[in-house]
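As written, the chain order gives the labels A, B and C, with residue 1 at the start of each chain.
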Amino acid sequence: MTKLLETQDLTAHYGDFQALFGIDLSVEEGETIAIIGSNGAGKSTFLRAVTGMRPATGQNITYDGQQIAGMTADRIHHLGLAMVPEGRRLFSSLSVEENLKIGAAGKRTGPWNLDEVFKLFPALLERRRHGGTELSGGQQQMVAIGRALMSNPRLLLCDEISLGLAPKIIREIYAAVPLIRERGTSLVVIEQDIAQALRVANRVYCFQEGRVSLTGQPSELSRDAIAKAYFGTEDS
Amino acid sequence: MEWINVIVQGILLGGLYALFAAGLSLMFGVMRFINIAHGDFIVVAAYLLLVMVMTLGLPPVVGIGVVVILMSAVGYLGQRILLNRVLDEDILPPVLVTFGLSIIIQNSLLEAFSADSQRVPSGNFATASLTFNDELAIGVLPLAMFLAAVGVIGVLQFIFFRTALGRLLRATSDDPEIIPLMGANNSHVFAIATALASAVVAVAGTMLAMKTNFDPTIGPSRLLFAFEAVIIGGMGNIWGTLAGGIILGVAQTIGAQIDAGYQILAGHLAFLAVLIVRPMGLFAKAKG
Amino acid sequence: MKSLSQTALHRQSKVQRLALIGVAIIGFVALASAPLWAGRADLRLLMEALSFLALAQMWNLLAGYTGLISVGQQAYVGLGGYFFFALAMFTAVPVLLAIPLAALAAGLVAIPTAWIAFRLQGAYFAIGTWVIAEVFRLIAAQFPALGGGSGISLPVALVRSIASSRSGIELVMYYMAFFIALASILSVWVLLRSRWGLALTAIRDSEPAAASLGVNIRRVKFMVYVCTAVGTALTGAFIFLQKLRITPEAAFSVTEWSAFVIFIVVIGGLGTIEGPIIGVILFFLLRDLAADLGTWYLIGLGALAIAVMLIDRRGIWGAFKARGFPNLFVTQRTLN
């Protein structure tokens, strides 16, 4: 079975500074992958390279067997990869409903539409006409996720959806994950909340200073191993 | 009571200014880009209609349609091929490029058509008028133009707030960086915005051609009128731009009534007054 | 430890710098001694070039360092010109003194003008300054004493009061232009090397960062706007002394005093002192070659501006600098 997403030896530079040193990562259809790591480890850079938001020509990124490195972000989106960007990035001139609708600009068919998203996140239904940025942080995150779902992606990439949110809200949002999976979307989540990541993922990758320092199933990974992979050497 | 006539003329003139402003404000809204050649494109539209009607013998209405289609296409291509390559955070490259375009257009028109004043004849329309009692006469043509201007602005409002394209344009003005994540191509969206603005410019220019005398050098002053109407009306509000145009038109006609030489200065002073008192404009929509 | 290639680069850069300084000294001496070797027509050309150089340095200071893109500096060229004519013709102020006084008067006008203009930002500020210039033009045309809409010529007696002979007058005027251009370069250079300059460079690099470090951005921008207005008006006063005649259209021409100046600065290299120098040279070379082509010359100029923006928006000097060319005017502080 072809992997849904696979990167081999992915590197990334910001000018002279190297952010990623050869990342090997794969996602099978139906899986939920969590990427954990401290700030600056390269997690967001990785997602941006995969979605075409940063240049990746010459790299090896395959999606469903097709080479997507070097493609424009909008083309990659049409293939069924959607991203929930860091910081939500809702459109302030658009209402909640319009923010959701614009996610469907890609016109892929599938289980997700406006009604289904409102069923998934009922809090949004009564606020559908409000300005996108007038909502609470948690509700904005729901809109951002819903917006990405509207394109009926096969693979959903989430960049730090728990950032700045209270634990109760985080749990509420993650409660939606099983339903998203059920409907045929695989997930990659970047998470600062390690416990949440371990709870929701089939497999975990830990990034440390641009490299994969640890990978495996949550049940296989001990706390010590994770701490070491997350922070590097014991005394750093 | 001739003041009522003056004000009515000002309102009708304001419709034209509102159209000048709508094109400018559209491009700035979506792309944060001020086109210094904006007024010159209006003049190009006027000359195109002149060619259509005088050289090719087309009826004015058909001529207008052709000019609108032509300029929309040119706007789309020009944005895609040239202007997209100089757009980013820095406002200076677009300023210099559009300054260059302005000079190229003015001098090319001078070469092609000479500096003579021109006007496109509109047949019977030109002199027909509706009279209300003894004091007030409204020309049919100016009235038709005003209604057309209101119509165009209404269409723009509809496009922006009730269509998927308009949604995309508004979103692009908020956060162009993640538009590709929505599956849309920025190059294309910007070019559509310019095509739309060019269509509005085409209507404005063709109306100008029939309403007043024009020559290759009046572009820059049209740009300033457009700009003033946008600022007076308030940024981010399409109907506000209509109000701004009308206020500018009325200020100008009142100034002209006091002394013919005061017309443009009166408009500038109205603009400065609004700028001093309410720099965001009279009907600005606060952005989130 | 420096590698071999780094040392070679360092040496090459030193050689380049010496060559640059050499060229600059030759140029300076040539300009300073121009009345000795240049004919009347050439002197007039040089005076014009020096005026544009001063205008370019002022615009460069405004746009390259505070980020205030103005398409309305012609307001101060015109104000300088008109205040000069008014002072020279209607007061007892001697002609030569009227020039700096006119500049100061324009500076006073710049203060409330800045307050109004600063209510706009970015591209709107740019066009707003143009509208303000138009207001000045229309107001200037209202004064019959200054010729109204058709303008006025400087009385011959006033011109004769500058010096006793014709060549004396030209000598004085040439050195005025030379001095104004030199002053514009030196004042920008000194400013940039001072504490103010540090604030300006900080603003150019990152406004929020500069603000958080305690730089009063609004006050700095205000000061720079008023100072460049004075410099621009000084040059404007001289320009119209040289032309001997002023009209509202010429005094407040957006093409002459904004479009051409902006071309010069941006094509030469924005945010550098050397850039405007190169820009002026290029501009006058082109004008010399192509001026009788009339409209085609202007079309070519517009096309050149577009081409340069597409190829390298840093301009000629900016492109050189990026390839390791040294600065002639050192304004940067390096961390060692």
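We adopt the following convention: a residue touches a chain if its C-beta (ideal position, glycine included) is under 8 Å from a C-beta of that chain, and two chains touch if they have at least 3 such contacts.
What you are looking at is a predicted structure, and each value in this text was computed from that prediction instead of being measured.
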Greatest separation from chain B - chain, by CA centre: A
Which of B-C and A-B has more C-beta pairs touching across its chains: B-C
By mean Cα position, the chain sitting nearest the middle: B
Computed distance of Cα centres, chain C from chain A, in Å: 52
Distance between chain centroids, defined by C-alpha means - chain B, chain C (Å): 33
Chain centre separation in whole Å, for chain B relative to chain A (CA means): 44
Set of chain B residues in contact with two or more other chains: none
Chain C contact footprint on chain B (complex, rising order): 28, 32-34, 36, 82, 85-86, 90-93, 95-97, 99-104, 107-108, 110-111, 220, 223-224, 227-228, 231, 261, 264-265, 268-269, 271-272, 275-276, 279
Interface residues, chain C side, partner chain B - complex: 63, 69, 71, 116, 119-120, 122-124, 126-128, 130-132, 134-135, 138-139, 141-142, 254-255, 259, 262-263, 266, 270, 295-296, 298-299, 301-306, 308-310, 313
Residue ranges of chain B touching chain A (in the complex, touch as defined): 164, 167-168, 170-171, 173-175, 177-178, 180-185, 287-288
Sites on chain A touched by chain B in the complex: 51-53, 72-74, 77-78, 82-83, 85, 89, 91-94, 98, 101-103, 105-107, 131-134, 147-148, 151
